[in-house]
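Chains: A, B and C, in written order; residue numbering restarts at 1 for each.
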Amino acid sequence: MKSDSNLEKVLTAGHFAVTGECGPPRSADGKIVREKAKYLKGNVDSVNVTDNQTSVVRLSSLAGSLLLQQEGLEANMQMTCRDRNRIAMQSDILGAYALGIRNLLCLSGDHQKFGDHPEAKNVFDIDSMQLIQTVKMMRDERKLISGQEMEEGTEPRLFIGAAVNPFADPFDFRVYRLAKKADAGVDFVQTQCIYNMAKFKEYMKRAHDMGLTEKVFILAGITPMKSLGMARYMKNYVPGMDVPDLIIDRIKGVEKKGQAKEGIQIAVEQIQEMKEIPGVAGVHIMAIEWEEKVPELVEQAGLLPRPQV
Amino acid sequence: MQYPTNIEIIRVPCTGRVDILHLLKALEDGADGVYVVGCEEGDCHYLTGNLKARKRVEYVKKVLEDLAVEQERVAMYNLSAAQGPRFAEVAREFTDIVKGLGPSPFRKPAAKAA
Amino acid sequence: MIIAERKPIEEILEMVRAFKKILIVGCKGCVTVCNAGGRKEVGILASIIRLAREKDQNPIDITEETLERQCDPEYIEQLADTANDYDAILSMACSVGPQFIGARFPEARVFPALNTEFMGGALEHGVWAEFCQGCGDCKIHLFGGFCPIARCSKSLLNGPCGGSSGGKCEISKDVDCVWHLIVEKLMNDGKLDQLTQVKPIKNWSTSRDGGPRKVVREDLKL
C-alpha cells in the first residue's frame, strides 16, 4: 500500500470504485459541505473536493477536505497549479497529510480569466505533471523539491491522482499524456465526463495497448444531464466536451419534467457500459449541485453497497 | 459643374497618400469637416491606396469619438475620376452634413465668434 | 522587439490637463517599428492633444522631438538644453524611456504615453504577437522551436492542458494553443519521443521572479 487510503484499498482489491465530487461554497459556511456529505456517505468510496474550480473563489479544498473527513467520508483533495507556487504547494501537501487527508489530485487549473477574479496574478510555478512527480518524490523518497529530506515516518503518504481528458485536442496525443502522467508517478486518473462512448472505448483500447491500464487505475467520469438545456450547453459551450447528438435527441424526446429522469437513466446505462470496458477501474460521478441524486444513481446502477475493505 | 465654394481641394496622386496627420491638421487649421475622395474600391490604380485611406479615415473618426466630437466631420467617398457630376453632388452632400453640425468645436474662440 | 501601444487618449489628456507647455518625445527604436511612438505617432498625438485642448478652450503649446532611442543616456543628453523649459514631458518610448528621462532630469515631470506590453514580432502588417517573456533561460529548441513560457497561457512545460480545443487556447479562439503547435511539429518530424520525458521544474530565478536583473559585460566596461 502506498497510502492506506480507502480508495487505494478498494481499487487494489479489484473492486469497481466509485468516487463523487463536492464543490465547496463561495462563503465561509462549512455547513454546506457537511450537508452535501450526507448524500455521498455510503454511496461512494471517496469524494473529490474541488480547488477554486473555474477560478472562482470558494472555501479551500484543504478545508473542504477536512470537513468531509470529519463527516466520516474520505476526501480526494484537488490541488491546481494556478494559484500556488511550489513553496505553498508542498506546504499544503504536508498539512493535508497531517490532517488525515490521503488522496491528492494534481491539476493544471482553469485560467483565471474564467473566474470571478480575472485580474489576479497567474502563478503556474510548476505544472500538473511536475506536481505529480513532486508528490511521488515526497512520498517515496521523502524529499522536497529542494532536496530537503524528511525523517522516515514523517513523509506525506498520499495516493496520487490526476485528471485526463480523452476528448481534448489533439486526440492522438491524449494517450501519450496518460502515459506521461503514469511515468510521472500517478496512481489513479479520473476522466472528464464522457458521453461519446465509442470515442472513449477507442481511447481505452489505445491505453490498454500501451500497457497503461496495468499501471494506472482509470476512473471514467459520469455527469448525469439535468435537462435539455444543460445537454445543449455542455455540447456547445464547454471546451473539450464531446456530447453526441443521440444523447441530445434522447433527452429532447422526453417532455420537460421527465428530462431529469431520462438524464439519470442515461447515466445509469453509461455506468453499466463502463463496467464492461477493459481497463476501466471505476467511475467518478460529478453531479455538481445535484448531489442529492447520487444515492439514486448509484443504487440504480447496481453499485451498492460500497465495499468495506 | 457647380459645387459649393467653401471646399478647399487638395489633390493627391492617390488617396493612399493621405495620412492621418493630414486629416488632423486640417481640423487643427480650422476646417469644419474633412473628406477624402478616392477611386471606387477595386479600381485603385495603385491597388490598395483607397483602402488604406478608408482605414485612416476610420482612425480619425475614432479620434473624434474619443474627443466627444461628431464623427461625421470626417468622411470617405469613393467614385470614379470620370464622375464629374457625382463629385459635385458629394461636395454638396458633405457641405450640407457639416453645415448641419455647425462650426467645428476645435476652432479658436476668435474664429468661432465670427 | 518591444511592443507597446499608445495609452487611451482620455488617460493622456488627464496626465497633461494642468500643463500649458509640454514636450512629446518619440523614439526611433522598437516603438517606431510597431507604430506606437515614432516621429509620425508623436505628430499625431500632438495634433490630437492640441485639438482636444482647443475644444476645451485651454490651449497647449507642444514641442515635438524624436530621439534615436531613449534607452541610452547619450541620446537622453540631447534634451539637456530644453528639458526643464517644459511643464511636462510625455515620452512615447517604451517604459524604459520615461524612466531614463526622469533619472537624467529629476526636476522634470515625466509621463509615459505608452503602455509597454511584451517582446514579440509582426505576424502581418499591423499585427504583433507575444513571443518572449524574458525568462532568462531559453529552451525553445526542446519544444520544436516554440516558447511555451511566453505562448502558453499557463506556461506549461508539459502541455497541452485539457482546455486545448481546435488548436486554440481555452482563453480565446484568437490565441493559438502553442502546445498544439509543438506536438504537431514534433509529430511531423517524427520526434515525439522528445515529449515523453517529463520536463523538469523550471528555475524561475533567472526570470523577473528572481528580482530585477542586470547584464554586465566586464569586457565592455570602460
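Throughout what follows, contacts are C-beta pairs under 8 Å (C-beta built on N, C-alpha and C of every residue); 3 or more make two chains touch, one makes a residue touch a chain.
As the structure is a computational prediction, the values presented were derived from the model and not from experiment.
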| item | value |
| --- | --- |
| Overall pattern in which the protein chains touch one another (line/ring/star/complete/other) | line |
| Chain whose Cα centroid lies at the greatest distance from that of subunit B | A |
| Distance-to-centre winner among chains (Cα means, whole assembly as reference) | C |
| Whole-Å separation of chain centres (CA-atom averages), subunit A against subunit C | 40 |
| Chain centre separation (subunit B, subunit C; CA means) in Å | 34 |
| Between subunit A and subunit B, centroid-to-centroid distance (C-alpha), Å | 62 |
| Interfacial residue positions of subunit C with respect to subunit B in the complex | 8-10, 40, 43-44, 47-48, 50-52, 54-55, 57, 59 |
| Residues of subunit C touching subunit A in the complex | 153-167, 170-171, 177, 180, 183-184, 187, 192, 195-202, 204 |
| Contact footprint of subunit C on subunit B as seen in their complex | 19-21, 24-25, 27-28, 63, 66-67, 69, 105-109 |
| Subunit A - residues contacting subunit C, complex | 81-82, 86, 108-111, 113-114, 122, 124-130, 133-134, 145, 163-165, 168-170, 172-173, 176-177, 179-180, 183-184, 192, 239-240 |
